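In the part that follows, the structures are each spelled out as structure tokens.
In what comes next, chain A is part of two complexes: it sits with chain B in the first one and with chain C in the second one.
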Partner chain A sequence: MTEKPIQEEKRAFLTGNEVVAWAALAAKADIMYGYPITPQNEIMHYWTRMAPKFGKRFLQTEDELSAGFTTLGGVLAGRKAFTATAGPGNTLMQEPMSMAEMMRIPSVVVVQQRGGPSTATVIYSQQEVTMTTFGGNGEGFRIVYSPSNHQELFDYTIKAFNTAWKYRFPTFVLGDGYQAKLRESLTLYDPEARGIELIEPEPFLGTEPVNGTKSYTNMRNTYNTEDELYDIIVRYGEEYKNIAPEVIEFQEFDCEDADVVIVSHGVVSRAAKGAVQELRSQGLKAGYFRPVTLRPFPADQLRAIADKTKTLLLVESSYGQMSKLVKEAIFGSTVALEYLLKPGVGVTSEELVAKVKQMI
Partner chain B sequence: MSTVPQMPKCWKVESKPHKFCPGCGHGLVLKALGEAIDELGIQEKAVFGADIGCSLLAWDFFDIDTVQTHHGRTTPVVTGVKRANPDTICIAYMGDGGGYAIGSQHLVNAAARNERITVILANNCNYAMTGGQMAPTTLPGMKTETSPYGRDVNEAGYPTQGPEMVAAITREGAYVARGTVSNLKQLKGYFKKALQNQMDGNGFSFVEALSTCPTNWRTNAKDTWAFLEKEMTQYFKVGEIKNPAAKEGESGE
Partner chain C sequence: MSKTVKIALAGEGGQGVQSVAEIIAEAANEEGREALYIPNFGVEQRGGVSVAYLQIGDEPIGSPKFQTADIVVALSDRAVRRTKKYVGEETTFVYDTSIEGIEDDLPKNAARILAMPAIEVSKNELNPRVFNIIIMGAVIKATNVVSEDDAKAALEKKLGYKFEQNPSLRELNYNALSRGMELV
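On to the complex of A and B.
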């Protein structure tokens, strides 16, 4: 028996990519399949250094199509497999994830967003929201976590494995280049030592005979009739709707009496948090709302706030991808909408404070 | 006399008669494969991946753990299974479009990495499932829906020589052969050696099977066999190209 990667809780000062590799180890991932792309490369670098010490494996594939499909093969074989990608790699990853969506194959993909469209920048952005939440030729039956700091990157990467295996919808941890490369303090822990039960994977294929008899599994993603497909998708839709309340996560503060509520996600919500605190200290009524799950989206929770406040300020490092999710969530509300959209560029608290002051 | 045709033990009885067109080569390829699996006694350990193409009709063909994947992506799915559980015996089954066009990067790289999997590719000179378009393997001058005046080699190049390509990029340990549905005994022998090669942990194994598609070729039974045996075999030479076992003194077929 190999030792546990994390014996006892410890403070560490790590880059986000290093955190993801530690989290995958802590979540008892067995195998990573991956293809190099900045800014996720170091997830593979750390994984390939640490994994063999704990009896875990890695395969460098020929592209992200292969990284995604080999990951699904690993899961079908009964292992906790995962992959990581970014930008154009995430584009290719949509094909395997649409198969995962159709066949309900639990899968974990860590995305470190970079600038787009196309090759764009290798640095940072929040432009993979639409693709990650609704990519592929499907219905967006996926779960997408948007962490905002390294502790969350650790927590939600661990959680993603449980979520994927529990609900069997493809699960994404949607980070970004800043989080990937930045060094920050966090607490590493063994989830089981904290009482978090880790779901054991089970093989779909290559199963052992039971009492000497093997039962065979034939899996497909192609259907013969419209009705057959319709029944399945409607059932998936119902299931997705039913689990959504359990899965949805969000954060809010100071919204009760707010004139303006800043809505943001991921690393941008750190600037939003700072801005709201600063505005409040100056006696201005600002509030903070952050979807932690972008899919399913905390629609009812945001709608309740939209019904109380005067203006939602939608802030993101994209030209409006989160805003689209927000507008769908609050459909019918008469709240005013303001925007600070900075595709591929970071947002500071200072500019948010200035923006809100200009609005009030 | 029984009217039930003799079926390999690993065929799933409930899904028979199978869904391929009359005279289709896929059923014959899978008969040879089924017999090879039976004779090696690996039904319980085998994992069968079926590509999109007419091969998808084999998703419930066998009493074997099976996953039907995407067009061209069966090689990586099966690679992922094998890497995660090396005790399985993994077979990727695909057409010439799946293997030599959309999935060619996967075939090339799996071969180059010497993945311990077996790829079986049914070459019927066209994209059958989508209605008979030109494939990488369409013969020069051959008419298809997208080469209605015949494949022009100046425009479309020459037919892909799959096994020769795989042989060129693999090193010791790989097994590579081309068989035909017109010689099922030989084809079964190739499958057995390919699978044995995987089981022995030697390396990648690849068998192309020359196959028939009377529906898209628009041929009757006689012309179908004539095309297979006279036209196809001129470009696609049947035989073993690489056999690690033969090097150790065992005779090849």
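On to the complex of A and C.
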């Protein structure tokens, strides 16, 4: 028995990519499959440096299609497998992940968003929201966490494994290049020491015979008739709807009497938080709402705020991908919408404060 | 609670601004303070100016990059031009005296502009290798984000293995740190 990677809680000062590797170790992942792409390369660098000490494995594949499919193969064989990617790699990853969606194979993908479309920048964006929430030729039966700091990156990467294995919907941790590369402090911990039970993976295929009889498993991503497919997708849709309330996570503060509520996700919500605090200190009625899960989206919670406030200010490092999710969530509301859309670049508290002051 | 100090360090690749930012960030973290360091990275940094963004405070840090710095340190002509956009009315702008042809590019709106002969001091008094440690001394003196002792401890952590092999390097680095502190 190898030692636990994290023996006791400790404060650490790391890059986000290191944090993800630590989190995967803490979540008892068995193997990472991956193909290098900036800005997530160091996840596999750190994983390959640390994992062998704890009996874990790594396979570099020829591309992201293969990384995704081998991850699913590992899962089918009973391993807690994961992968990480970004940008054009995430595009390729949609093919295996739509198979995971169809066959209900638990899977964990960490995405560190970079600029797009295509190669664009290797730096930063929030432009992979649409693709990560609704990519592939499916219905978006996925779970997508959008962390905002290193503590959350650690917490939600651990959580993603349990979520994926519990509900059997593909699960994504949607980080970004800034989170990948910045250094800040967090507390590393062993989830089991905190009473978090880690779901053990089991083989889906190739199981041992029971009483001499080998059971028959048929996992399908091919259907012969339209009706067959229809029944399955409707059932998945119902299941997804039923689990949504317990999966949905969000944060809000100062919304009760707010004239303007800033809606943002991920690293941008750090700027929003600072802006709302600053505006409140100046006596201006600003509020903060942040979906932590982008899929399923905290629609009812945001709708309740939309019914109370005058304006929602939608802020993101893309040309409106989160905004689309928001508009679907609050359909029918008459709240005014304002935007600060900055595709591929960061957002600061200062510019948000200026924007809100201009609006009020 | 003091407010978060925002620092932008910029230079040519190889001048060591990223190492300086990282060591200061680690020193602040060791003191139990909140620190966030992010380099500019990727294709933009190849053949371009290397910029390090550093924030240190007592509360969790907000967005990783910022619009206006409390202190900007620019170590080449291109770095001056690249970073003057981070200067505001309360910013201290520090540049090296040896940089030529930037008279018209210096920011007009800074609270304070400081020319510092760090390149000259490193060449004539110490060793060009510790140029960035002189800068580090200047930054910690100008901002008070970490103490000199904690800066030394962070240097020890980062370079201790080199100091073991050659103890005179320790003295050289410590001297560079002190000398940098004298320059501001």
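Throughout what follows, the second predicted complex is superposed on the first by the 360 of 360 C-alpha atoms of A that agree within 3 Å, B and C clash if a C-alpha of one lies under 4 Å from a C-alpha of the other, contacts with A are read in each partner's own complex, and residues count from 1 in each chain.
Note that in this section contacts are C-beta pairs under 8 Å (C-beta built on N, C-alpha and C of every residue); 3 or more make two chains touch, one makes a residue touch a chain.
Every value quoted in this text rests on a predicted model; they were computed, and no experiment measured them.
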* Clash or fit: chain B and chain C on chain A? -> fit
* Arrangement angle, chain B at one end, chain C at the other, chain A at the vertex (C-alpha, nearest 10°) -> 120
* Considering only the touch criterion stated at the top, classify A:T48 as touching first (chain B), second (chain C), both, or neither. => neither
* So, does A:S333 touch the first partner chain B, the second partner chain C, both, or neither? -> neither
* In the overlay, answer first, second, both or neither for which of chain B and chain C A:T70 touches. => first
* Asked: Of the partners chain B and chain C, which touch A:P39 in the superposed model: first, second, both, neither?
  -> second
* Asked: Which chain makes contact with more of the residues of chain A, chain B or else chain C?
  -> B
* To do: Classify the contacts of A:T130 with the two partner chains as first (chain B alone), second (chain C alone), both, or neither.
  => neither
* Minimum Cα separation, chain C to chain B, after superposition on A (Å) -> 28
* Taking the contacts chain A makes with chain B in one complex and with chain C in the other, which residues are shared? -> none
* Asked: For chain C, which residues are in contact with chain A within the complex?
  -> 22, 25-26, 29, 34-44, 60-68
* Structure fact -> As the complex stands, chain B meets chain A at residues 12, 43-45, 47, 52, 56, 59-60, 62-70, 73, 76-85, 87-88, 105-106, 108-109
* To do: Going by the contact rule at the top, pick out the chain A residues touching chain C in the complex.
  => 11, 13, 38-39, 121-123, 149, 177-178, 181-185, 267-268, 270-271, 273-274, 346-351
* Asked: If you look only at chain A, which of its residues touch chain B in the complex?
  -> 30-31, 33, 57, 59, 61-63, 65-66, 69-79, 81, 95-96, 99, 103, 203-207, 209, 214, 216-222
